[in-house]
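What follows is a pair of complexes built around subunit A, which joins subunit B in one and subunit C in the other.
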Partner chain A sequence: MANRSDASDQITCTIDGQEVTVPRGTTILDAAEQMGIGIVHYCYHPALSAPAMCRMCLVHMEGAPKLVPACVSPVADGAVIQTDAPLAEEARTGVLEFYLVNHPLDCPVCDAAGECKLQDYVYQEGRKHGRSVEPKRVLGQDDFGADVLYDGDRCIMCTRCVRYMREIAEDDRLCVVQRGNRSVIDTFFGEGLDGSPFASNIIDICPVGALLSKDFLHKARAWDLDRTPSICPNCSQGCNITLDTRDNLVQRLKPRHNPEVNSYWMCDYGRYRYEWINRGTAPYPYGMPAPAGLEADEGDGSALPPAALPDRATISELRLESPMMRRDGVPVPVGWQEAILGLLERLRAVSGGIQVIGSPHHGNEDNGLLKRVQEVVGGDDAVYRAARAAAEVVLPGFQKLARRRDLAANTRGLDALGFRRVGDDSAAGGLAPPASALIVLGDPLADLPAKAMADAELVVYMGAVISPTLEKADFLLPLTSFAEQEGTFTNFEGRVQRFWPALNPPPMARPAWQVLGVILAGLQDGVAPASAGDAFLRLAELYDPFSGLSYPVLGTLGSMLNEPVRLRAGEEG
Partner chain B sequence: MGIGVKKVRRPEEGTSYVRAALKGMALTFRHLVNTETVTHQYPDEKPSIAPRWRGTHRMEVHADGRPKCVACGLCPTICPANCIRLVPGEDDQGNRYPIVYEIDEYRCIFCGMCQEVCPVEAIHVGQDYEAAEFTRERFVYDLDRLMAQDHPVTALWDPSDPLSE
Partner chain C sequence: MAYPYTHEREVRVMSRGFGDPASRTVEGWRKLGGYAALEKALEMAPEDVVEEVKASGLRGRGGAGFPAGVKWSFMPRDKQGPHYMLVNADESEPGAFKDRELIRWTPHQVIEGALIAAHAIRAQDVYVYIRGEFFEPALILGRAIEEAYQKGLAGSNILGTGTDIDVTIHLGAGAYICGEETALMNSLEGRRGQPRVKPPFPAASGLFAAPTTINNVETVCSVPHIVTNGGAWYRQWGPEKSPGTKLFNMSGHVVRRGNFELPLGFPMDELIFDVCGGIRNGRKLKAVIPGGSSVPILTADEIQGLACDYESVAEAGSMLGTASMIVMDDQTNMVTQVRRMVEFYAHESCGQCTPCREGTGWLVSILRRIEAGQGTLEDVDTLLGVAKNVTGTTICVLSDSSAAPIVSWINKFPDDIDRLVGGRRAGAGTAAAGTAAAEA
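Moving on to the complex of A and B:
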């Protein structure tokens, strides 16, 4: 951003009667933001260039001949700026009236209603009644390809989408055609956004309802959604997202700002793979042929929701609802207490150590305590399987962000905990029929034949869904998925980031760290962790890469593995 | 005869039943010929109700039979009793419309806010009070039933006097 000069070169100005000291070159808008004064704007976006064309951020500067646009004007030393000067307010009201000359008043059927900047600003500062008597211009809708639908009537020509495609996606597919009130955003000669792997970000940055997601179209109203901060589970980049949920179902994923990981963006690959979260499964079927979408999107990364997954009705029947224990060869539903006590008895009797299979779709706490159980009982074979794409898909304008090759959120975390990766790129194979005792977390082992478990001394499966292979397991323990519990993922570069529960789990399902914590407490006569944060602290004690970390240290932006405790006060004031 | 019981001797006129009986019959005969009735012959004659009387809902319909509702979601949002269920969708002409629109008249408190908030004047509370059912499930009116209702709708305000002055 504008913050390029060195720190010693500070200047002081007055905004709305308050003095503020900022580096030379800071724009008025940024300086005001620091003081908590929001200056309204449409065309300005912190990650994009500012053309100063929406005319909403006009402010009064003493001595200037006319109002100045706050988004591009750097503050001068000693400048006295008033954002709420009568002249500025009058200008904003006037600009808003002009926007409403052609903007349809179809908020009731517009998906952006409730999160629309035009709606907000008109409500704050607009005229009560329009004076325009001319009929509104009608342009209709245009399918931009990929997931984007363009409604020309609602467009206010801020050109954020055009600039995003040019500057961040570096894939110049949009432009403004025509001039004046006839101008529209368009694609080139029928070549739409198809195949542009980061195109859907323009839906997020559109301040009004002109760019719509076809996937989200008419699905839910903005004010009905519950927004839970989370981490994108579809690759190891670990983009910060919100899970927007309604009726206990994820309706869409939205990127959340994190300057170190994903800025304001996320890829289409991750954005549209959320159906599996509602089912509690993995984004791809473990041990089955790679879903069609997985290969198709190596070129462009834009393939829409995976086609090869079973539909919701069949898979919801597979959700494990209650702890099961085998009695006389038949799995019988039991209570948690009975299941845990029975399991403890069997674990204490294990002779040759245990093998554990971790899950890259579960958090660090879950896998770490699983590893710990193995260390206590004995055995050293800790493995996991994860799907892998053929290539990365990098966002050219923000190269820290890419759809990484590992298509699971926590592969790095598992590596740090000492798990070994096995299997091929579609998360299949690599597992021999177990000979001794086995504890499986999350991985339904669907590619192993059903009788593979016959020789095992003890088979414990913990997970959300069940597969036919596991009918012979001795214990089946229902778990929550990552969206139903608190925890942390470690992304590809070793950044540990927190996620929060967004969905209600089935009544009997428990987080893995809780189940494993109770088992550990039973094995060692210790105390079980009371919360996910508590479980994470144990991790920090037990495993060097996590030492020094805790939930308060991670905060909302995450922290790198094995870093000393950083004093955030010094950085952020 | 008990101790201390006092016998009161009343005059014959005060204790005779004949006078009281005649008095009652006179009242009966008077009502027989009186034209001023207060009894409503209810199922045969319906009483008139006030224009703002709020009863079971009615969904307005376009000329081609489609519901006027655009599934904006404002009525389930404003509903204080949380009795409206709405699932929006897109019809074959690209218009937003309600795939599911249900009102649970059993939960409804007939406040009329759904009618007041509706931007397209589709949902109305109506001048209808005969909402008895044999099962609770039947109180959940679906879209077809709301569209089939044909009673007059409630006038929440007088168009000629919107501020009730």
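Moving on to the complex of A and C:
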């Protein structure tokens, strides 16, 4: 029975001469997509309802009285569809010409140039010369609030933005005003998009340059950007993103599709907190009293970081450029070889074990090898601190996605590795002045006085930026930030996801896994990992939650920690 | 009663009460035989009513001419949720003014017809969607509905038969496109008045996603007479495929303008020269738009001996549509007329589909330039090319309607446009392009 119903639920049709079998109800557009035939479209978006109004996806179906819109027409059993039929091609060329009747053709000053579907399709299928000689309609720009600027002249009225706000953000703030060629997208009563925590996604789904980011306005041309797949570091949701960089600076964050985590979306909170990545610091003033923005964050997530940056005496944004070793009470720059050999000597001499402080802004590899160093040298006090917001901010139309309370990417990874969370919701407190040896990863301990380190047997600080508290440490080791190295984060639900290097680090900075891997090799704990992938395999061997995982297993969409599997096995046993 | 003109060749079935304010009351309407049909229909099984209307061959009077009984039979027989009966009174086509008069003079005819239709399709609600500008007709219909409720002719337990059907008026906000059935439903639901993609068709998923039938006012008004007298009686008028009587709304350069109820198949030349008294001021006939502004135009020669029924007018290359005829004399400048017509469509385009949104506006720009004497031969080609590209590429047919006059008018009256673009237009190549566009 099951087989028979399966068979009747599958239908076979022919698209551009090739047969394809798809589930009943599949649209022509989706069926073609499966075969690698792209059908051009503007108004259709896989996450939104399809109004079939852009008229770009018209295809020829044998027996139909006129061309059919591929985005809403289900394929019928035995249907013969031609996307490149002369009639369909003619229609598309005609429609493209209409799009340009009132379009300003201002690509040279348009941010979307290079990633604009109007540009792409007109080059692909448009007329060589437009026939319109009429004066163009001029609507001008409209500030929609939040980060969104609307350019009415470039708008092609696909209404993706209107439908996104209605169906996904469930915050109906945009509408089409007027009709015919006087139609324009507008907000209600000038209220705008301010305070709508997921509004900037409309910039991403706008197929042309009608919705612009004010933050990104005229900052870079699309073709000058390098796009590196990454994970949003601003909370524990782990939205898949690309880091769009130019001149070794992150210019913007864009969501990357992952149906399990963030669909096509990300929140504005995460999207606009990227400048710290360029500085190598943490996303919030680490170890400082809670910034006003986080405490007052009553759910809309739109609160921006506090205007006044913390005192530079307490928190530094200067990169640590070179390994430093304390000699005669004074830190002096040394080479890596000297620093590592010196550190190994001291570690072998440690008497009472070491305390380690991990960092939720560093990947699983970095923290895992830190934990391993502790296990080899001795000691069991492994802690970390992370900031926490007052509330979650859920995207109503895709509830898997929320700006989570934990404002660091890897808190769950640290938990899985056996680190203990200490301190308060502003990532401060919870640490006593160390009595034994101490290795700090990332956390600048800004809330502790410098003299708190006086009694420690050995202090090692590994970080990207200089920490005033730790400037008298025995070893200062310059690290790369997550954006400068390869690695993985474990998100709030235990999904391990990869990120890739997007920026060039300062010349002497190294990934923590590499530094710690060499130290472990020096402590006779196997060979040093040659790559982040190697380091990850070490984690899989050493820590049960990671067992069975590897970079190839994680792929581009990530994979869950196997903790739940282990628990179930335990029950059975 | 002289409303405003009558003619002895008229067959007054629906228009019997025209010009007599008394027929606006239940009493007056009963005197004209009203509400007998409702009584009869409510005693009948819904499917029997459908069969009777099917037998009459009544075709939808909203323009498309789809058989009304067949349309009703698409409704599900086992009612699982609400069904809706919609009366399309959003009469906005330039040249059309029949529904307005039916509502103004015989509101109870509309109510009675709608109630019978609702019974036939098992609907518990009738919505009459009236064009926003029809303020006076809406008031009159509103009063009539109130009276019908008071007299137990609408609402719950109609005429003691246990049937409950509510009748509600909804005034549009003045958009032509809301006369398109799915745009009307969107508007009624409180959304933007934009046509929906079909399928699903209204009988499957219409108003509030429930099975819905929508009929034109005149269609609904024909129904009581068919129920009273039977389908065979209705077929005494008109040819086999277009039976019955029809209101012809005559406007333009004729002596007597107004509504004339005539059997379908009535000769068009006799309609213009006899019933309407010919062309004003002794001028000559130049052209006729036979069915509202969106159908192709016919020349004076083409209407000779042409019967006014759906098939014959279609054979002549146009459509009977709503039988809203605009008659033009030899002084008419076709470029000006077509420009005005296309301006209307550009103004009324809902803006949803790109070809219509941008195309209609572009057509207007070109036509304005040509009319001002600044056009070229190339512009005429562009005009026909654009007209072709807006045809058949959109959700509804508004843009097709704007293209039809352009193509047919330019091809049938080339002199008017050739004079304006410098008389250089040879015609052959462009006419071929026009024919191709008309076919496409």
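Structural remarks
Convention: the second predicted complex is superposed on the first by the 532 of 573 C-alpha atoms of A that agree within 3 Å, B and C clash if a C-alpha of one lies under 4 Å from a C-alpha of the other, contacts with A are read in each partner's own complex, and residues count from 1 in each chain.
Keep in mind that, in the parts below, contacts are C-beta pairs under 8 Å (C-beta built on N, C-alpha and C of every residue); 3 or more make two chains touch, one makes a residue touch a chain.
Remember, it's a predicted structure, so these values are computed and weren't measured experimentally.
Superposition note: with subunit A as the common reference, subunit B and subunit C can be accommodated side by side.
Between subunit B and subunit C, the partner in contact with more residues of subunit A is C.
Contact with subunit C, but none with subunit B, is seen for A:69 once the two complexes are overlaid on the shared chain.
Of the two partner chains placed by superposition, A:533 touches none, neither subunit B nor subunit C. In the superposed model, A:378 lies in contact with neither subunit B nor subunit C.
Of the two partner chains placed by superposition, only subunit B is touched by A:218; subunit C is not.
Shared-chain residue A:109: touches subunit B; no touch with subunit C. Seen from the Cα centre of subunit A, subunit B and subunit C lie 90° apart once the structures are superposed, a value rounded to the nearest 10.
Once both structures are overlaid on their shared chain A, subunit B and subunit C have a minimum Cα-Cα separation of 25 Å.
Considering their complex, residues 107-109, 113, 141, 217-219, 221, 223-224 of subunit A touch subunit B. Note for the complex: subunit B touches subunit A at residues 70-74, 77, 88-90, 94-96, 119-120. Taken together, the subunit C residues at the contact with subunit A in this complex read 175, 177, 192, 197, 346-355, 357-362, 365-366, 369, 382, 385-386, 388-389, 392-395.
Residues of subunit A that touch subunit C in their complex: 51-56, 58, 66-67, 69, 72, 91, 94-95, 97-99, 101-102, 131-132, 134-135, 137, 156-157, 176, 178-183.
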